[in-house]
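So, here's a batch of structures to check.
Two complexes, one shared chain (chain A), two partners (chain B, chain C).
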Partner chain A sequence: MRTGRLIGQAVLAVAGFVAVFPLLWTALNSLKNNVDIITRVPRVVFTPTLANISYILGRDSVLTGLYNSVVACGCAVLIGVVLGLPAAYAVARYPNRWAGDIQFFVLSLRFLPPVAVAIPLMVIWLQIGLYDTLPALIVTYSLLTISVIMWLAIPAFQAVPKEIEEAAFVDGYGAYSVFWRIALPVAARSLAGAVAFSFVLVWNEFLIALMLSSSNAKTLPIVASELSQQGMNVPWGILNASVVLLSLPPLLFLGVLSGFLNSVFRQKKT
Partner chain B sequence: MSAITCSHVDKAYGATTVIRDLNLSIEEHEFVVFLGPSGCGKSTLLRMLAGLEDISGGEVSIGGKVVNDLEPGDRGIAMVFQNYALYPHMTIFDNIAFGLRRQKVPAPEIQKRVGAVAATLGLEPYLGRKPTELSGGQQQRVAIARAMIKTPKVFLFDEPLSNLDAKLRNHMRVEIARLHQSLKTTTVYVTHDQLEAMTLADRIVLLRDGVIEQVGSPAEIYGRPGNLFVAGFIGTPNMNFIEVTPARTENGWTLTGAGAVLAIEGSGFHLRQGERAVLGIRPPDLKTAGAAAGGNLLQGTADLIEFHGNDALVTFGSGGKEISALVPARECPALRAPVRYTFEEESIHLFDAASGVSLRRR
Partner chain C sequence: MRRRSSLPVTFVVPTLAILLVLSMVPTLYAIVIALQNRELSSAGYSWVWFANFVDLFLDRRFLNAVWVSVKWEIVTVVATMVVAIGLGVLMFEVASPRLRNLYCLLFIIPVLLPRVSAAFVWKFAYHPLYGIATYPYRLLTGGLIFDPLSKPGSALFAVASVDVWQWGLFFAVIVLKLLETLPPQPIEAARLDHARRWQIHAYVTLPMLKAPLISLMFVKMIESLRSFDLIYVMTRGGPGVATETLDMYAFSQGFIESGKVSYASAMAVLMMIATVITFTMLWKRVQA
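Take a look at the complex of A and B:
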């Protein structure tokens, strides 16, 4: 029993190390000079420098990319929430003849390789004249967020006991009030997970952003990838710094979200 | 004026009919229990009264107003659900006040009314807590408080006690009975537990396969069951059924079956010569007969004895038929001993063997 526990903890520790170490190493490397990075023996002790980070933050392309990413992903997630959650609730609670087909269609958007979606979309946006603009990116990303949020929110709404909603009907509330006052707050925990997941998905999205932008609407992942193509030497420190910058917003978003959830669900002490 | 009237009510899901041409009227202040085996449509009927299920045909009126197309909130009803259905994200206070907020009752009055209801049900210490911090019995009390506060015309209870353990169930049953005594609100209560039905009901509506089998007071249903199904469903231990052939004699009838010939006067029943009937007799109505006793006897060898405390249930075979008798524990025979039981004619029931309908003269 005791040894079993020890082995379990050891396995967990190794797995945790494997997961966290690359992130830590990336964060450390973003503070190193190139000399400290490309040594044979990895250096843990070194003279830290903020040069990489200030270089990154000093570049207009990075700031534009950050702005584009925040706006595109933020708006797309917002649209996904506003349209996807009510749609998911309708499918979960008022299923009709097509409810199954709707669910499958929503999922099928994710079956397709992104390229299959991106090329036709590129043509469409070019024709409309919105190619390489934020609105095009927002609308395209909304397709992703709506489908992901719907797909994850349908089971979340179905998990809300039906009697609770019926009790609210008996208490005199209509379908919309029941959605707002009962279904949403009761399912909030799982729904927040769905929203966070959809945010991370579009934040990290690369291929569609690459095909739908040429200069104005580049998102941060595109800008970061371009950093490695400058000059002869790969600027490792700068790359690592850009990765750190790229990782921060989703982490912040998740942190704020989970903090919010904790405060909502903390049991009241009387 | 009756509080609830159902006339020719049907309920169908696609091609399956769950409730067929149901007619029922419930008086004001009455406590009516819908009783029946699972799947008999009793919960569906209750949900139709509540407005949570569509009514496929017929008319339901509550307080003299047809409610077929009214939303649940506009029907003047309050409902208590089997699994309590409390709003998990709200405090107990908010749970109870939720319905009043909808009615735009001013905040001070909400405060006052919630306080009063909470006092009645002993919920004051819990008003600030969330439902998950309460025990099952307390949660059910909150559900009842939530129903009470709206001062509805009709209370609907959907198997409210079946999630509680046996002891708590007895306790809550008494509380519900007391509550009805003091509030006198018309109540419809669904259960599959006949003890709950017998103890709580003014009238029992016994349902099977979406059809009313019998409506009557608990004493009527128990004492004068209208057909074989009702007779078999009500009463623990179950009624004994013996197929008999009636034959006319000079001063009455004889019933032959299960290895016995029983002589009865028979004027209370519509018996017909030679037309097969089913004799029903409840185990507690069988009395131990002395060795010398004559009259109507059912006898055999005791092959199963179940000790109940005060009583013992003796099961014996007679003419290939298992018969049970509930006798005082001190009269309990030894296993495999010969036993003889007799009965009074007033305690027997007779049913038509083909249709199952009671042969009792009304």
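Take a look at the complex of A and C:
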């Protein structure tokens, strides 16, 4: 029995190592000179350099990509919050015979293959003259953020104890102020998780951004993927540094999202 | 208790209207384009009705892409579930609460990464000469070259391993949380009956979790459809067409090779019909 436990512990330790080591190694490589990367035996001891990182942060294309990503994702998430949260609340608290269909419709948007959305949209934006602009990207991403936020926020609102809301009604609050002053603050933690999740989703989005931009509206994932297309002659350190830059924003939400997971499953228990 | 209010209408109708417009316009337009013969290079077009679809079924590269997509779907979904259940049960059995929290945090990291990042991280790692993941092989064989991404037989599995790295570890956390929500009595009872640990899970806990596990698999099936980023960065569908999935082929037909937007759109429409029908049926069964 004890050896079984030990083997189990070892397997878990290996899995934990595999989970983070490749990323750590990439971060380490971003601090290396090219000579220290292109070695047959991986080098752990080396003289660190900030050249790769400063090169990345000094490139116009990277800065534009960063700006585009922040604006496109920020606006799309904002639209998702403004339109998605109230709708989710209404579905959760005023169930009618369509509630199930609405939930299924919102989920089914996720079945649509991204190519099937991106190709026609590209033709449409080209015709309107908005191709390769941020507004086009924001509108397209809103479809993603609204549906995801709605999908995750419905159970979050359902988890708010009904009694609190009923008490507020008795105290003379109207339907809107109950939503605004009671339901939103009480569910805030779960809702923050839902919003963070939608941000990570659009920040990581690649195919739609690739098809809807050609030069001006490129987001950071596109810029990063283009760096590599110049072949392997590009110093690897620079590529590694761009991967690190691209990966940092989603990782900032690690705490919020793991808290969100915990709260989702704690509700199920009760 | 709740009095009549205008809230449901004002909150739901505008959002649903916007969602409907944003989703139906591209969907219907995709069908329209698929029935024409548009190309990126020229503005003119005419209606060709179902000619694109007929061409597709005679296109051997398209049939290959269908097969690759099906393989991708099966490999990633099965491997993800196996890894998730295996590690989830292991954490439940042998890890102390503090260790569990640590592993949960570590296992969520890969799925948060942009797929482009994950693809690059592993593309470097799989590099035959300098990669960190191929280093053990070089060390053991005295410098032989192992290049998983450029062999037709292994490329799909090498890319799939990145997908499982992201989703399998993440789902392990969810499986653990699901196990933690189970009541302890049935497990105790099985233990009193001298059931072995694996028997407890195979015959008691996992059957109790059947419904959420199936939902989890359903989510993974949907997410597996989004393989494009990984494949685009790691292999571009290569070597040859060994990892060319439907979205990769649609993209290269529409944008890289020939700019045949209508042909690509016909492919997208077929994908859309197949996924919507399959997942609607599955969803109804899961709910029932």
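We adopt the following convention: the second predicted complex is superposed on the first by the 235 of 270 C-alpha atoms of A that agree within 3 Å, B and C clash if a C-alpha of one lies under 4 Å from a C-alpha of the other, contacts with A are read in each partner's own complex, and residues count from 1 in each chain.
By our rule, a contact is a pair of C-beta atoms (placed from the backbone, for glycine too) under 8 Å apart; a residue touches a chain by one contact, two chains touch by 3 or more.
Values in this document were obtained by computation on a predicted structure and should not be read as measured data.
In the superposed model, A:45 lies in contact with neither chain B nor chain C. Looking at the shared chain after the overlay, A:185 reaches chain B, while chain C stays out of its contact range.
In the superposed pair of complexes, A:115 makes contact with chain C only, with no contact to chain B. By the document's definition of touching, of the two partners only chain C reaches A:9; chain B does not. Of the two partner chains placed by the overlay, only chain C lies in contact with A:239; chain B stays clear of it.
In the overlay built on the shared chain, the residue A:169 is in contact with chain B and with chain C. Counting the residues of chain A touched by each of chain B and chain C gives the higher count for C.
Once the two complexes are overlaid on the shared chain, A:18 sits against chain C while remaining clear of chain B. Residues 166, 169, 174, 268 of chain A lie in contact with chain B in one complex and with chain C in the other.
Interface residues of chain A facing chain B in the complex, by the touch rule stated above, are 161, 163-164, 166-174, 177, 182, 185-186, 188, 267-268, 270.
Within the complex, the chain C residues that touch chain A are 1-3, 5-8, 10-12, 14-16, 18-19, 22-23, 25-27, 29-30, 32-33, 38, 87, 90-91, 93-95, 99, 102-110, 112-117, 120-125, 129-130, 132-133, 135, 138, 143, 165, 169, 172-174, 177-178, 180-181, 197, 222, 225-226, 228-229, 232-233, 246-247, 250-251, 254-255, 261, 264-265, 267-269, 271-272, 275-276, 279-280, 283. Chain B contributes residues 50-52, 71-74, 77-79, 81-83, 85-89, 91, 98-99, 102-103, 128-130, 133, 146, 150 to its touches with chain A in the complex. Only residues 4-5, 8-9, 11-12, 15-16, 18-23, 25-26, 29, 37-42, 83-84, 86-87, 89-91, 93-94, 96, 102, 104-117, 119-124, 139-140, 142-143, 146-147, 150, 166, 169, 174-176, 179, 200, 203-204, 206-207, 210-211, 221, 224-225, 228, 236, 239-240, 243, 246-247, 250-251, 253-254, 257-258, 261-262, 265, 268-269 of chain A touch chain C when the two sit together in their complex.
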